[in-house]
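Before I ask anything, here is the structure I am working with.
Naming follows writing order (A, B, C and D), and every chain is counted from residue 1.
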């Protein structure tokens, strides 16, 4: 080809070739694009799950088939064949009927059309008539027209109905002919019902059981490009409008696609399936539609956190529970930590953190034991003293009142205790502040010693003796020290151990909620090395004198009892601790500390002059005050001069939502870069992030060490992770109704005062029973308390407890609560049982009929209530361990409806109670000759009516002592 | 010469290099300048330099084509301005429109846009009417008539997509009624004849969420998705297409021998 | 204008046409041309497929199609329950035999009919179609009866309505066991 | 008297009456054949396209609107902001129709006299675009802008209640320019009225230059030389489009019932809406045997009728009156023209069948969504 002649530059061949090649590459790239879009993790999982489901269904089907009675099936088959044959013999008749039906239906159709048309005309005529009436125009004609059409309508309708009857009759005949057949069919399908359901399922999901068309469709519908038409594999999505994702400028509805892979999570039967298909372990609580958290209303990430929109393993924000799991995931799922998304999934061990954002009002979250434990530890360790936590706003200081410390302690003890409480008590709740990993160097130790001296001096110089109210007789001498042996017995029986333990040596016990109840108060060891006898005696007599806000109740001990217990407690001493030396005060260091504090606001020289102007004692007090402020002692203790000091720690209200980059990991690289890894490390060693850092002493981390066990760390971290900013609409939050809120308000006080140390409330607590040994001699289970007792009785009882069970040595103490708090507690019980009425008239006892019958039922021969119960002070005849409350107390105390409920079935209310179900005669029981001689006449009349008889028994009980 | 001074200043400006660099011809006074004024201006260049006399007679042209284009420009400008205040979401669309009449300065832009759109529909129809009545679709202008029909259809579709955006009862129901026709599209709509033939086994391929109406609405009913799709079509998609066809239309007017007229 | 030079390529002179012999000689590049055009056309087709596919998202942010409406006893016999009309787009109707669920979408053009209790019919305000309580059309332009939706019982006894499965009377689907809940 | 007049207008406006009147008048106003042309002249209808005729038309329209605005019911409909474009449409359609026809008649006269048409200027008699054309364009734009501004100032754009998918307004109307289609929906299924017919409209419009083989009459207004073409176009545009829009806008009220312009839009209005399929006529009414189960058998009559309509009519016409057309255009173009024309005429045919026989569908296969 002559390029020049053609006025061309490139040879056409060349251009065509390049065009061909580039087009092929282009096509290839486009195909690759579709491929890239098509291959997704979740599709693989959906295919796998389908296979799993097929296998499972097949097994179920096989099992179902073997279960079917084959002889019965054979019989039914034979029956059906017979019916079929019979029907075939009547085929001619059937065919004739069919023909007649078609004919009749043709007529019917015609008639009904005629009727319908007429109806339409008539409705229009009615409108015309109405218009005519309104306009007073042509009424007569319109009326005539309407009437005529109405008349026609009547005829046409009759006509239609007539044909309808004919059709119905004919059809009935056909049905009659086939009834035997239908019956046989029905019986057969009833027998095969469960199997045919499974078969139907298989015919939908199992290619082997599909029709050819469906099998082709099954292949075609999920092909690339085609897969928008009718895909079987598709992303599953749950949208929850009232739980929101925070996108800073606004919030958006939560969208969870987790079920695109976790396909069996809401279906029972996949408990043993491999992940991601496994059934949720607590289906009755979560996901099931009958559970309190149905999947379509709560989704997954509402609780578990993570990125719900993610459709791949990593992009969903999965987080491994352990480094081993992380390695496994990397291998298996190519997992990597999700970047640029703060709200990653809680690792398995912290799942319960998700409960808190909705259930924040509950002091103990049912089913969330770890979370509840974490919260309880936070309360007990008083984290909220230093760290602002909205949850605990308004809570009082948790440590002892130091305003009267001189009454209680010696300086010596105070120094050693402050230096490290654990040297005195191995499980002290007070944390260790000093000589931690970042302050163990000699210079720091030198400073610490001086500071502790100064703090002790401050505390003892500001303390004043406790002032006892007028007329309160309290001992101030040592003469009252009683019998230690008796004291030991008393301490064990009167109820001290509901809140305190006495464990001289560390015991290996897992920290649980129950254990926390037992450790509500301090471990009562070494008191002989700590307190003065007078103080202890007075404290036992009335703790509120020394600390008006103490949660230690008054056990109403007699002077002798108090003296005995004092004697017993003082026998426990910590010799090693006593022998530890207190280092002398390093005056130079003290001055240096003082100067350094002052130099912060002044020149070094001026600071020095200021210090020199102080007396030695003033210097001590000055440094003591600064140190108390620095370490935040006032957060837990009431210390004169610090009544309104502000907390010194970081606020923790939304700690779970804190971005990870706001957490200083320092040079600690061996832990994962997540908030929970940081919390774990921090709680295990609060000073760890100072490692390899160079800081002046007063800039070092100063959070004290609580010596948490790994279990405790995990629990606290769970709670911390749960403290998040929530975007949950009020209607989705738990406990938004008044009743629940009232219940929980009281429950919070109950928890705070450890009622559950002695009583079982909401099925939890009452550990003291294990020490007393016999549940019947232990404080009562408070199940149904709200329905059980009258509010005003309960109020007066709580204010001033009276003895209900004389056989119990354990005592209901007097709590220094105010009326508002008591009301909260009483309402809590009432609302929990759905009996919120406050003022109720006492039950009006029907004296004429009820009481004699009831008395008869209670009599020695029948019920023999007097065997266990005191009856108006009369001692029971039975074993003292079985004694039960005086029946005379009942009328003012127990609600009448509850009484009947209780008598009907005591076990259901108090599991393990020794109260038997009273004998209630039935109709047959009184139906014998001479029954009148044995039973009262009124009883015979009532026999069979359990309710009425129970009421008579109640009325009798109410009448006792009145 | 002193009395001529002001005039010479004007001329000085029109002869300055800056002026000349922008308007190459100067003030079109001479015949040559008048020709060059058209030739050298990218916008006026749509026109030929010379025309038969009837082409400047309004009685012949009615100026409807020009007005249609002008209305398109008005709608583009006012539309772009409206976009600054309008968010196509179910939360905000309605209230944003309300604010246009209540607080946005010169929110009358919305009226201009709406009435301009109606006027454009009418102008396009009348333009077509005129072209038919003068037989201007006849050779060699057949193809340009075809393009014109497409432009008319696009104009209607543009107007239709804009109708939904105020997100009031008028809008949603007009679009519901209008878009429901799409679901009866033969084969492509799930309630259209033939759609049920597109099935394999028991699986229908054309369903409520895979038919042509769904593609238009981005959902199974007129909702959030429809609002957004109509917005995008109204503001970007259709204007883009209509501009391409307009360019072809104008180009072909010139290439097919300019405005029609008796031979 | 005739003085303008005419490009040679525009001249369709006889010399430009290929002789049969030449065209055989050029078979090689013709096949490249064919390959190129086929590939380009397929690529364009794929591109269009991409545009079409893009219009259909993998998930929808529309209200769920399957939901619970309560227990059978919540519905009175003979009453057209309109509680779910606004939110779910259904009427729940219980007759002496059981419960069925009607779509609130007029089969004509998708307007929402109104239940006229006194007249015992559904009347569409748009084009005047009328439906009986059963859903059967009897007046106006509606071409077919209202659709019914799948209705089944959940394991806890609540009624589940699934709008993604519908039953059309004219196809004889109303006799399907899931089109009607026997109570 | 006035009330009586109103009720007369209401009556005449009924689609069955008004369409019939229009159909009767139309060939006399726009005579498609020489016969009609004679009558057109004889009736003096050609005077419509004179200044006097224009004035009369303008006055009549204005009078109707003025009268309408004095009426409680009519003014409500006229006053709706989105109905204002229809009034503008009516005015402009009539004006430009008059203008076009007037020019056409003048040109026809010129041609008949052997003179060049008005638009004719000798080829060398040209004008420069600058400034005449540019200037009138500028003025037109300015006036258009003024018009828009005045319209916008005088009439706020409508904004009704927020969108509510569960509460449909009564009546629910499409945008006004689609009301012709919505009116068709009363008589045809959505797939026809909403999809097939609009597509045919577009295709038919695009096909015009290829179907109209007459090369005369290009570039000037004329009627006499292309009366059939103009008649068909005007019939489609004025009757089947503009007229239906006007009906849909002004005369369709609650429940899509027809309301005369002076009638109150009452939601309670009831008219007998009886719809009977052709199959029901045959099998139920005529034969009284009920509908056969097989849809194809059931609808066989309708299918046959439609096949005959679209298949046989062109052949018959080709054998008869339209033979010259077939010869002139060739079979493909001829069939296309006839098909489009038959489809166009199907609309009024179906309307009349509905009005007279209450015919619902000619073919009714709802199982497959196939209704005609």
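Here, a residue touches a chain if its C-beta (ideal position, glycine included) is under 8 Å from a C-beta of that chain, and two chains touch if they have at least 3 such contacts.
Quick caveat: nothing in here was measured; it's all calculated off a predicted structure.
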- Consider the two chain pairs C-D and B-D; indicate the one with the greater count of contacting C-beta pairs. B-D
- Query: Any idea which chain sits dead centre by C-alpha averages?
  - Reply: C
- Item | Whole-Å gap between the CA centroids of chain B and chain D | 24
- Query: How many angstrom between the C-alpha centroids of chain D and chain C?
  - Reply: 31
- Query: What whole-number Å value describes the gap between the mean CA coordinates of chain A and chain C?
  - Reply: 45
- Note on the structure: Cα centroid separation, chain A vs chain D, in Å, comes to 71
- Message: Residues touching two or more other chains, restricted to chain A: which are they?
- Response: 116, 120, 228
- Task: Hunt down the residues of chain C that sit against at least two other chains at once, touch-wise.
- Result: 56, 61, 109, 111, 126, 139
- Multi-chain contacts in chain D: which residues touch at least two other chains? 165, 167-169, 172, 185, 189-190, 273-274, 369
- Any idea which chain C residues touch chain D in the complex? 85-87, 89, 104, 108-109, 111-112, 123-128, 130, 139-141, 143-144, 170-171
- Message: Applying the document's contact rule, which stretches of chain D touch chain C when the two form their complex?
- Response: 165-172, 185-186, 189-190, 254-257, 267, 273-275, 361, 364, 366-367, 369, 371
- Message: Give the list of chain A residues in touch with chain D in this complex.
- Response: 102-103, 105-110, 113, 116-117, 120-121, 123-124, 126-127, 130
- Message: Show me the residue ranges of chain B that touch chain C in the complex, using the header's touch definition.
- Response: 173, 176-177, 180-181, 183, 209-210, 214-215, 218-221, 223-225
- Residues of chain D defined as touching chain B within the complex: 82, 84-85, 88-89, 92-93, 96-97, 99-100, 103-104, 116-121, 123, 125-134, 136-137, 140-141, 144-145, 147-149, 151-153, 155-165, 167-169, 172-178, 181-182, 185, 189-191, 193-196, 202, 205-206, 208-210, 212, 214-222, 226, 230, 233, 237, 365, 368-370
